[in-house]
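Handing you a structure now.
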Amino acid sequence: MRSGVRVTVIGGGSSYTPELIDGFIRHAPELPVETITLVDVPEGADKMQAVGELARRMLARAGLTTTLNWTLERRPALAEADFVCFQFRVGGLAARERDERIALSHGAIGQETVGAGGFAKALRTVPVALELAEELTEVNPRAWILNFTNPSGMVTEALLKYSSLRTIGLCNVPINLQAAIARLVEAERDDIRLEMFGLNHLSFVRRIWWQGRDLWPTWLSELEEHWPRLPQQPFSVGLIRAVGLIPNDYLKYYWLTGDMLDRQLADYAAGKGTRATEVMALEASLFQKYRDPALTEAPPELSQRGGALYSEVAVTTMVSLATNRAQEMVVNVRNGTTLADLPPDAAVEVSCLVDGRGARPLVQEPMPLTVRGLVQQVKSYERMTIEAAVTGNRDLALAALINNPLVPSAGCAEAIWADILRLHAAYLPRF
Amino acid sequence: MRSGVRVTVIGGGSSYTPELIDGFIRHAPELPVETITLVDVPEGADKMQAVGELARRMLARAGLTTTLNWTLERRPALAEADFVCFQFRVGGLAARERDERIALSHGAIGQETVGAGGFAKALRTVPVALELAEELTEVNPRAWILNFTNPSGMVTEALLKYSSLRTIGLCNVPINLQAAIARLVEAERDDIRLEMFGLNHLSFVRRIWWQGRDLWPTWLSELEEHWPRLPQQPFSVGLIRAVGLIPNDYLKYYWLTGDMLDRQLADYAAGKGTRATEVMALEASLFQKYRDPALTEAPPELSQRGGALYSEVAVTTMVSLATNRAQEMVVNVRNGTTLADLPPDAAVEVSCLVDGRGARPLVQEPMPLTVRGLVQQVKSYERMTIEAAVTGNRDLALAALINNPLVPSAGCAEAIWADILRLHAAYLPRF
Amino acid sequence: MRSGVRVTVIGGGSSYTPELIDGFIRHAPELPVETITLVDVPEGADKMQAVGELARRMLARAGLTTTLNWTLERRPALAEADFVCFQFRVGGLAARERDERIALSHGAIGQETVGAGGFAKALRTVPVALELAEELTEVNPRAWILNFTNPSGMVTEALLKYSSLRTIGLCNVPINLQAAIARLVEAERDDIRLEMFGLNHLSFVRRIWWQGRDLWPTWLSELEEHWPRLPQQPFSVGLIRAVGLIPNDYLKYYWLTGDMLDRQLADYAAGKGTRATEVMALEASLFQKYRDPALTEAPPELSQRGGALYSEVAVTTMVSLATNRAQEMVVNVRNGTTLADLPPDAAVEVSCLVDGRGARPLVQEPMPLTVRGLVQQVKSYERMTIEAAVTGNRDLALAALINNPLVPSAGCAEAIWADILRLHAAYLPRF
Amino acid sequence: MRSGVRVTVIGGGSSYTPELIDGFIRHAPELPVETITLVDVPEGADKMQAVGELARRMLARAGLTTTLNWTLERRPALAEADFVCFQFRVGGLAARERDERIALSHGAIGQETVGAGGFAKALRTVPVALELAEELTEVNPRAWILNFTNPSGMVTEALLKYSSLRTIGLCNVPINLQAAIARLVEAERDDIRLEMFGLNHLSFVRRIWWQGRDLWPTWLSELEEHWPRLPQQPFSVGLIRAVGLIPNDYLKYYWLTGDMLDRQLADYAAGKGTRATEVMALEASLFQKYRDPALTEAPPELSQRGGALYSEVAVTTMVSLATNRAQEMVVNVRNGTTLADLPPDAAVEVSCLVDGRGARPLVQEPMPLTVRGLVQQVKSYERMTIEAAVTGNRDLALAALINNPLVPSAGCAEAIWADILRLHAAYLPRF
């Protein structure tokens, strides 16, 4: 007789894990959890132990009977899970730092998930995700994969295409946008519904549903008044009015490329390194805290790490899957006929009905012309990247990079690709 | 009793006209021409007279009885034509020079037909093309429009969408690519057939048909040997192998953006101005020659003007339309279902069967992933530009410019758009 | 201060109205109703009064304060409504009887909603539905139309296409199928979810979701055991196994045409008339009961009328629209990209998420080949019928009828069409 | 040094072969033929010898040096061919007679290529065609298959889908329609061009191109005058005006089903058997003539056999393929994006440009709604039939038959399918 669901976390030694535990504690009344099993690779064993011990303290403090274990043996951990969370990082932050640095050194945006950095990360990550899926298929084909590993859109597309496992790709950007807009109208987050479409880190809000009507047409017609109230967003009123949609924050890399690049280059010149350098420092400090036996909850600094509401998305998805509670969420799924201008087997980030059957997308109107071409171009890039990652086809990898809008020229693409091949050889055995 | 077809040339005072006359002379045995009527605006009257007198001398020397007239009254000239050739230029070379300079001044490629320059030209030109089409529809709805006015793809799309006239969009890039490849294999130009797809100034060769087989797969597999033999092309072997197609020369602006921009900026800094400046000097010299009563053929310098084989495309198209002689040509037509990843009412540049019924596209396989996204993105830009030109919608115009891959950022787009509106106000009455 | 929603019923004098009132009484805790206004044409005034008085007695007995009125003036009744229910019948049962008789007399299925009968009814009904929609748009453009008027699929498509009003097409077949399957597995009706697709009266169940899994694959593999347990369905095990889906009962007309026709002809030969004759007798008896002042609830005979669970569908839809309560329902909506093998502006009957925003379809896999062609053929017929109804184009009307699978030949279609034109001239002013 | 093309004819013992030889003689100036090799199965050896000897006499009389051989060993005959003509008939006319009789005995149209007869023939024929293709792929992958074996559309689709050989499906209906219309306007057949679309034996003329214009719009608007002039066509003016297209003669089975069935049943009741019975008698008489050593040309009775202009289509196709002479023809090819409402890998019968590269379809406008549904339904039936033929899936075979518009009900389909399985077991090893 099971007392709750079983969750296995691949990349369990991540600094995010306490966030996730927090989510399980918050949602314990709706979702009893029997066991949580953290899994990591030997290089991550030490961090996993620190995180695991903190997690146990957190659960104990919350008065939960959930069993929490950690292990380096992933097969048995996969075999028993109802939900397998992917939050691993191939090559760790050191590889990410190289990704960002290679791109910057050739005058291109250096970022974890978009541009040449996301490309390199996808090449490293997709084969590992597919190996995991293959193993899971053997031992436990009814399990759900909840993928947070970046680039989440490409990893999810690869899993949907090359595996028969039920997979949902998650991201915390949509829920944070929802939260920001809710604060603006002084509503509860759940009383706001955003209709969104696009790709992971390239999605757009087309409707803001609140109290029975769509706020967006009015906001758009009075944009000078409303737009500046949305905090921490870098887009001009003129740009938003032209596009007619609220963009995912990552659009700044596509629409404000020069500014973003200048900022990255300035930071780098000033000795600050890339964002990965910053995150590495943050992680060191976080793990120091995690190791303090007196700590029994996620420290506030964790929120600076970038994963706000991560656990909210992950755990409420599990609630819907496990208990058949219907909710509308913006997640990454197989396109099918949702967005007619993208291939059926593409992963897309769209409004879905999530319940015990999984995440089923709601039919969308065609993508507005103002962003359709960009989404199509990026999806073409993503598809070539995934296929290159799977086949080890170098020409296709280069073609992918040439098609990435954040790589300024074919020459730059050739130079970056040569560096990636050279510096990441250990992680790219298929090439 | 008619002794041949009647041709009306809008923009008849263009320096290209002698090229066109040359074509009529060359193809006179297949296509008897009764009258050629040049039409221009008052500002072009003087040039038109010079060109007209030269044209008469050329026809006389060739022993043809074709009547050649010139006039500022376009309505009667449209009324009698079998073929109406569009080769007009709204605002003349001065406007083009401004287009190129505005773009360059904001750090973007300054070019007549692509990037921000092509955008500005389209906004000026589309409304005039549609007015001409409306007038032609009233007086002579059975006439054919052969459009050479740039940006030829967008002007043709506007004509196909907003007029019911039979229109074919022409460009001399495909025939020159055919000629270059023919020279390479030491074949007659007409013995080579290129299967092409894409958009005007964004098209690609996917097959080279010669003596019953496709040369391209072999060339592609031995690209180091074959590619360097193709003269005057700027693309690296690595790039071509990645893409797997032979690109239209204009792809250099998209794939080698930085190099092209550096070259343009260097020329400008060196006081050479833009390409328009160069063309203006060339035109002045050409017209000086044209005015020499002893000149009875097109001077060799004309070929430097950029219109090589222009008349070959124009006149052989007329031959097929007038005499029902079937030939396969790469021209701009309504997409329909030709390229499934583009809208049906888009203009595309594809292999067509041209005969008395017009230009009917041959069904194509899907566009290769290596260029599909770029083509889709540029087509999105084109569609917004056309709609903005027709409606005067400023937000849409800005959205178009933001979507152009040769405009580096949204901020740059806003700045360029402000300059275009200010400096070209006289040509943009709809805004 | 409103005390509940306002509902206007067009065709309020229908014998179904007590069913609807019953639904409002049942769902009163969830959906307070301020006023119900019955509207009918002068010919129906007498019946409307009888129904109205019964409805008042029913509401009083239930202890509700809902105001119930009836009127012949539809404009004010439309102006105040939150929900407008269409349940009118142009020409009454007499016209239906003629429809069925005309078809039978030429050797074709005579039925209210499919075949030549449904065709004639659509031609009469679509223009009236559009006039109503036009009037409603003028006085109350925010109202919802809930359409039950048959042929519900075609009437809904016409409303979605030619009006901007928010419209949902309803039918009680899906809910009855859900109820039958629930009884079979001894579940509550609401614990079963059917995933359905197709057209109104031409829809199919592809999944039966119960307790976290799909029952259908197992049933299909052991069909001999399971199929006979489904009550009152006429399809053989062999047929269902071949098709692989559970069909809407109306499929019997398409798949068992000969049997159904023989039965109709035998009944007619035996003097029983058509189904309309039977319904007319039933209605007479019902209205006799309705007029009994002692009657304060819907009489049990009403269920024989064919509208079982009609009110359940209608009222729960209003609950979701009015209170934003999300539920999954099978209703008729604009296709968009739901079923890729049908036009976007077609009405389809599919699984939808219904809440305050309306009914949004869930993305579907492609229709199985085993029924796709039939659905496409019938949709073609429907589209021509709707266009003919709107334009009065006789050739198109005939083409529609020729395309109807229940009309055995073009000659038969010509004969039926001539009779419809002659016998229904008064209802077909556009022809 | 080859003196001409090499042609291998599978089913060489057919009574049609002299027609084909006639075509080679007629087109000898354009297409020198080195060898013609007839191949047949042992049961056909005797007929093949008779035909072969006649063919030699015909070639000799024409003064041609073409070598003509016949053999039962197909592998070497396939190995040397440039063109392989498929005109074989699995089970001979006896099997066809059974097909027709089975269908008639259950009250369905009994016909060789459409309805249940075409279905049975497809099940027998598709596996044999694919075995031939496999053998040909092994020994001679560059050969062209020209398929005339019926049902030509389904056999061609199977070859295009399951083999990589270059295949064109041919039929003589389009050329005969072209000839009939040419006679009507007193033009040469080649001066008329028909724009056609649809499926084999389910195709439609949408334009009649003659002397630079389309005759059809005028004919359609004055149909009472023009239609009766078209000889031997069974469709009423009303039907044609409704449909707006000129149908392939086989449409009589779909649109005049009752009449055609009555005629077939009457003939059968009168002891005339089916069309196969008639053809068997005709064949016997033809072969008697063929065996006459004095006969040196195709006897006039051959034209009654139903293959008029068969050789014209076959030989002119070979001329275009062998000599790169471009001509526009209506043939069966892979759909791709030609008809957007049908799957890309369907075979369709459409206007193509045929030259040395093969047959490339010209892009079509969408199919008119008046026939689109029927074409889609029949194509669905065809696809299920082909897949059933390949896999031996009985459920799918039954589903195909249920979807055939000429099978009146599911019960009839089940009965016919049982008979086919029983009576044709020898030819259906996969079931």
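Each chain gets a letter, A, B, C and D, in the order it is written, and its residues are counted from 1.
The criterion applied here is as follows: a contact is a pair of C-beta atoms (placed from the backbone, for glycine too) under 8 Å apart; a residue touches a chain by one contact, two chains touch by 3 or more.
What you are looking at is a predicted structure, and each value in this text was computed from that prediction instead of being measured.
Undergrad: Chains in contact with chain A and with chain C: which ones?
TA: The shared contacts of chain A and chain C amount to nothing, since no chain touches both.
Undergrad: Quick one: report the Å distance separating chain A from chain D, using the average Cα coordinate of each chain.
TA: The mean C-alpha positions of chain A and chain D differ by 56 Å.
Undergrad: Suppose each chain is reduced to the average of its Cα coordinates; what separation in Å results between chain A and chain B?
TA: 45
Undergrad: Got the chain C residues that touch at least 2 other chains?
TA: Within chain C, no residue touches at least two other chains.
Undergrad: Take each protein chain as a node, join two nodes whenever their chains touch, and name the resulting shape: line, ring, star, complete or other.
TA: Contact pattern: a closed ring, each chain touching exactly two others.
Undergrad: Please give all chain pairs that are in touch with each other.
TA: Contact pairs between chains: A-B, A-C, B-D, C-D.
Undergrad: What residues of chain B sit close enough to touch chain A in their complex?
TA: Touching chain A: residues 235-236, 238-239, 241-244, 255-259, 341, 369-370, 372-374, 376-381, 383-384, 395-396, 398-399, 402-403, 405, 408-412, 414 of chain B.
Undergrad: Could you please specify the touching residues of chain B with respect to chain D in the complex?
TA: Within the complex, chain B touches chain D at residues 209, 212, 324, 326, 328, 336-340, 353, 356-357, 360-365.
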